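In the two assemblies presented below, chain A is common to both, partnered first by chain B and then by chain C.
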Partner chain A sequence: MATVWELDKAKVPQWLEVLRKDCELIAPVKNYGEVLFMSSPEVSQVVLDYDNTLVPPKEFFLPPTETMFSFTESRAGFHITLPEEAKNRIIFGVRPCDVNALLILDKVFNGELRDEYYLSRREKTTLIALNCNQPGEKCFCGSVGAGPSLSGKFDILLTDIGDVYFIEVGSAKGNELINKLPALFREASQQSEEKKEAVVRQAQKLFAKPIDPLEVAKRMEAFFNDAKWTELGERCMECGGCTYVCPTCYCFDVVDRIENGKGLRLRYWDCCLLPGFTRMAGGLNPRGSKEARMKQRFYHKWDYFVQRFGMLQCVGCGRCSKTALCSIDWGGVFKSIVGGS
Partner chain B sequence: MKNQYIPYPAVIKSIERETYDTLMFRLVFQDSHHQREFQYQPGQFIELYLPGYGESPISITSSPTEKGYLELCVRRVGWVTTALHQLNENDVVGIRGPFGNGFPVDRMTNKNLVFVAGGLGLAPLRSLIKTAFAQRQNFGRITILYGARTPNDLLFQDELTEWKDVDNSEVLLTVDVGSGDWRGNVGVVTTLFGKVTISPMNAIAIVCGPPIMFRFVIRELLKIGFPEKAIMLTLERHMKCGIGKCGHCNIGPKYVCLDGPVFTYQEIEELPEALR
Partner chain C sequence: MNNRKKVLTTCVYCGTGCGLYLIVDDNRVIGSAPSWAHPVSQGRLCVKGWNAHQFVHHPERLTRPLIKRGGAFVATTWNEALDLVAKRLSEIKGKHGSDSLGVLSSAKCTNEENFVMMKFATAVLGTNNIDHCARLCHSPSVAGLSRAFGSGAMTNSITDIKGANVIVIIGSNTTEQHPIIGAEILKARDKGSKLIVIDPRKIYLSKFADIQLRLKPGTDVALINGLMNVIIGENLHNLRFIETRTEGFEELKTNLQKYTPEHVELVTGVPADDIRAAARLYAKAARASIVYAMGITQHTTGTDNVLACANLAMICGHISREGSGINPLRGQQNVQGACDMGALPDYYTGYQLVADEAARRKFELAWKVKLPTNIGLTLIEMMNAARAGKIRAMYIMGENPMLSDPDINHVKEALGSLDFLVVQDIFLSETARLADVILPACSFAEKDGTFTSTERRVQRVRKAIDPIGESRPDWDIVCEVARRMGYSLSYDSVEAIMEEVAALTPIYGGIHYDRLDNFGLQWPCPNRNHPGTKYLHKDTFTRGKGKFHVVHYLPPTEITNEEYPFILTTGRIYYQFHTRTMTGRSEALSRESPEGYVEINPADAKDLNIRTGSEVKVSTRRGQVITKALVTEAVPQKTVFMPFHFKEAAANILTNPALDPVAKMPEFKVCAAKIERR
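Moving on to the complex of A and B:
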């Protein structure tokens, strides 16, 4: 059975119709001029010509707010009810940087102490990735080895080679999606395969070359006491934007809320740049300055995470630079400290 | 698969007043099977849950040598602990854990132990102190230096008196500000170093208190000649999950909830903000 296929671009809507039949389909649509992932869109709304979505698909695995459990209280104590289990889903059109971002989040939420909320959603989701042929304005995925193309690590990978998508299947889950309507696809020709290789090579020329994560961490360490951090810290407006649009930021807070007599334990995104992030009861705050918080975010991504997991916690998607009110150019900071083009 | 975020219900069996703002809670899990399964090390912590209020990371104050219950010494400081202080015996709270590494008790065998605590910092150390006194023959000299703001802030006063009377053990107290009938030492905890002979030979120092105390006590211990790896600290952080996911207790490449809360000074001296 072939693992490489071709699909005429004109047939993509037909495939999407099939995919959305038995499970939730999430795909990029254009809304108010921005491309965003949307759950269960009309097939006609789906777009495929975009640099990247404004926000990453992180929200489908680690929602901005989620109920961890609900509870009721009685004289005998409290009773906990777990939320419904995750359902099968397909996310269509995920860029290589965002696929790599999920592999980073997997490292955090997996391990000896598992986070079942994230992991069950991850297991129930099939990713249809889409290689990048052109870098966006703020992209630096090449420097951090997270793009512009994927090799392995996907369920299905599409590459735009003109009028057709070259399709690679990387998992059994991916294979199922081809088998839903095999008649749509034809086995990839030698010519298409060569075309795909050429497209990927050409794209790689447009993006920077990857730098070894350990080398990144080493160069970061040399900059620890640089005056740069004071300046960047002063510019931070504590909006949290950079972390919310980041595909690899995962910090969260957990709070209780009572709604209509029912208790909810809610987890929501938190942000290490906000002053209360490390504040303890009694008011003590070990990371009390904007400079220290700014440094924390950069070093966590490009040094501490490498020390802990052997990989960078940044995929160079550039969303932080596009979003944050402070106009800090994270890719620019990366290049000025670490190097790369 | 075990959901790490689900608290186990535990009943408050007794509440003892330690000081005007600090209470000692004795807890027993509702599920007797879970009570038996719940094994911990001195120095570990739990997440204490009050439905409708939230969680708070609290160090375990009892010793694993005491079976069948768990003790938490809690000061009324924030949202959750203030609510906890309103509860009564037989009320039910939630507990997740135990989390963190705890003290390496095995590596302390036959060593002289020097405890230095400030304020509520004695609460996490009490677990190890009680463990050491329960197996007294396994340890060398035990020295406890303890400081609090005022005489009314001193915790575990009866136990401190008991420990003082045990052979080859000493307890020295101090307060920042004396009052009426206080005849003891007045001054910060480092002033006690001049009143007792402490040798770094075959010794481990165990320190817990506010960050400023850490800095001064460590300076004192290094001056006496304690190697950096023989100084153990237990750190406080705003730990939300206890399992290394939420990011709140991250210091450099370490997570206080996973790699700590017990660290040697050697492990953290280079880390940013560790002692802030």
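Moving on to the complex of A and C:
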């Protein structure tokens, strides 16, 4: 069976109708002038000609807040209730940077300690990725090797080649989604395959060549005492936005709340740019300055993570530059440190 | 199925009016995220906005009506609670007259709710004793700018600030209190705009400022007069603008003569040459904008300070254009709207005067009831009247004067001497603890309506989840009380309320819900076809000609002496909001700023043997609080700063309730204090 197909763009709604029948479909939807990932949208609302969403699909794997378990105490003892198990989901139209971001999060949550909350959602979710033909204004995925196109490690990958999507299937989960209504698809022609290659090549040309992560780490180390960090640190307004919208930031804080006689253990997105992140009892803060915190964030992403996992913890999506109040162009900073255009 | 929902609404904290998505799973708000398409937020939020959802499901939310019995609160039914409120208010009105009743409306509630509350006070209770915390933030702006221009709001739009070549930031810690506006100022500076920061404290923007004038707290009029003295002396004023658009210049000019830079240096502590440099920079700019906040208004000379700013802008002609204007930044998400809706003792909606007979008749006709003609009491005056036994009952909606008003001990006595107090809120605030009846209200996540932001943008609030517990929207509760008092106050929807507002309010005449989906409209918007107004006073001022007012420097009411050698100034900080009713119940924000403190200069700290973290006693003539010291260069010598958010170290036990004679604004920003190490 072929693993490359093509689908007429006009038939996408039909496919989506089929996909949403037996599971939760999440797709990019236009809402008040911007595109967001929405759960169970009307098929007619789904848009695929979009740059990227401000909040990445990370929110569906590591939600902004989640209840880890609830607990009650009685004479019989302490009783813990786990949340409902994750259900099957499809996320449609995920950009290559965000697929790569999940592969980075997998390293963290599927390491020595397994985070079952994250992993069960990952397992139950099928990703239908969508290659980028045109980079967004702040994108630098090409420089970090996380886009604009994907190769391998996807369930299904779509590439826009005009009136049709060129479709590659990369997993058994992906294959199932084609098999739900095979009549929609036709085997990809040689010509389509060539078109797809041309589109991918063209998109890649718009970016600098990717740099070896180890080389990035090395250059970061040489930059450690650069005065530029003071200047960058001074600009931070501690909004937290850069971490909240980052598809690879995974830090969370855990709190307990007692609600209606029942305890809830919650975890929510945390942010290393906020002083309380590292402040210790008694008030001492090992990262007491904005400069120190900003350095920590980017050294973690562009140096320490490489040393630990051999890959950058950054996919060059540029969301941090879009949302942060400091309006620092992080893609520009990356390029100024490691070189490249 | 989880079915994640994302509901576009408006942030509930400061007055910037950011577009915010509430992220909802199974009727639970789990996150907040900025709107990318929103003209102001543009994909950005501050840390409070990013965590705006965290208090919504807090276990301390009020979920049932409570009645105080034998000193303790007992849960009851809505019927019993509403009946009791209606009965007691009616009784007291019958016995002591309408003006024995007082109402505090809320800058935290929607326009629709403030309108209903205003209608309730005037049409049902029969009193104009209605006010809200705008009294404590921008009443001098409303008073001052109305006198100078005829309209007391931000003259420009937020994104317009970028168009200024010179931006004067005076008494506004913009990046902390209005972070998105602060970010716009930083962007402007990146693009080449010059910044003049006028503030006793070093703030974030100080590092980016071309000039900072660190004046002694409370000397703003002297400093601004000094700037004008230089501008006129060096012939940098805009004669054409002055001649065509203003009146009263000659008198102003004569009265500025004594404010030479050298004289002003003696009063303000700002070097004369810095005054000259700032004056030249501002006057010579092609376009210049003044941005101010509580540092200007929270003085007994608040109205004078505002008038001085207006004078400064007008002599240079830096107003009435894109990028040029005077921009009071409003501190609460709907404080502009609460004022617009007439939750004030002297105005109906849209600044139509109670004293204007034609306006009053219009409302009487619409509401089919005789309205009171006398101007009501302001917030602080109501507290004084309560203590004097003249106000016997109060209805407080979503306000917490027990932490936000000056001289809290006095407020406590005042509220304690009432015959009846009803408080409507989302949490058991310090004020609610003193109530006879507490009515549980919905938070912004649970209701529909509109907020009006600091740039006069009327925009939608959208319901994201069902009400928590038995809580109800504020407007609905007030309508229920009104009906029980025999007045038929009833609306099918919040949209119907706005239709009534539009019909009665010229500046809101074109505000209809079906027009608000595209991120709202900026008033004045007089009719359905009007696109809204980006900046005010374009060809003519609202009052016709801009009016210069002569204002002279007056020292703060309290000056330092041997016993109280420090100037205590107060304000907000980035991670907390007002009385922490909401931010105090956000784990993320509370972690960042868990407790109160007092900022003290290193030199003073050394003299007193104080280090960061030392326990200190701060006292004034009104009381004392124990708090921790934060030693920092941010405050000048002999000046200390305290945030007012924390009930455990309540700065407002210390502050001076002396009032601005025009706006009745208390002097939060200056009083004399003593610091002792414990």
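We adopt the following convention: the second predicted complex is superposed on the first by the 338 of 341 C-alpha atoms of A that agree within 3 Å, B and C clash if a C-alpha of one lies under 4 Å from a C-alpha of the other, contacts with A are read in each partner's own complex, and residues count from 1 in each chain.
Going forward, contacts are C-beta pairs under 8 Å (C-beta built on N, C-alpha and C of every residue); 3 or more make two chains touch, one makes a residue touch a chain.
This is a predicted model, so every value here is computed, not measured.
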item: Fit or clash between chain C and chain B when superposed on chain A; value: fit
item: Following superposition on chain A: angle at chain A, chain B versus chain C, Cα, nearest 10°; value: 80
item: Contacts of A:54 with chain B and chain C, given as first, second, both or neither; value: second
item: First (chain B), second (chain C), both or neither touched by A:292; value: first
item: First (chain B), second (chain C), both or neither touched by A:239; value: second
item: Chain B versus chain C as contact partner of A:278, first or second or both or neither; value: first
item: Touching partner for A:40 - first (chain B), second (chain C), both, neither; value: second
item: Partner chain(s) touched by A:258 [first = chain B, second = chain C, both, neither]; value: both
item: Smallest distance from any CA atom of chain C to any CA atom of chain B, in Å, after fitting; value: 11
item: Overlap of the chain B and chain C footprints on chain A, listed as residue numbers; value: 253, 255, 258, 270
item: Chain C contact footprint on chain A (complex, rising order); value: 24, 26, 31-34, 36, 38-40, 54-55, 59-60, 63-66, 87, 234-235, 237-241, 244-245, 253, 255, 257-260, 268-271, 274-276, 283, 322-327
item: Complex contact set, residues of chain B against chain A; value: 1-7, 9, 11, 30, 51-56, 77-81, 92, 94, 210-211, 236-238, 240-241, 243-248, 250-253, 272-274, 276
item: Interfacial residue positions of chain C with respect to chain A in the complex; value: 1-6, 8, 21, 23, 25, 30-37, 43-47, 50, 53-54, 57-59, 175, 179-180, 182-183, 186-187, 190, 204, 207, 517-519, 574, 587-588, 591-592, 612-613
item: Footprint of chain B on chain A - complex, ascending; value: 68-69, 71, 73, 76-78, 80, 82, 108-109, 111, 113-117, 224, 250-256, 258, 263, 265, 270, 272, 277-282, 284, 286-288, 292, 295-296, 299-300, 303-305, 307-308
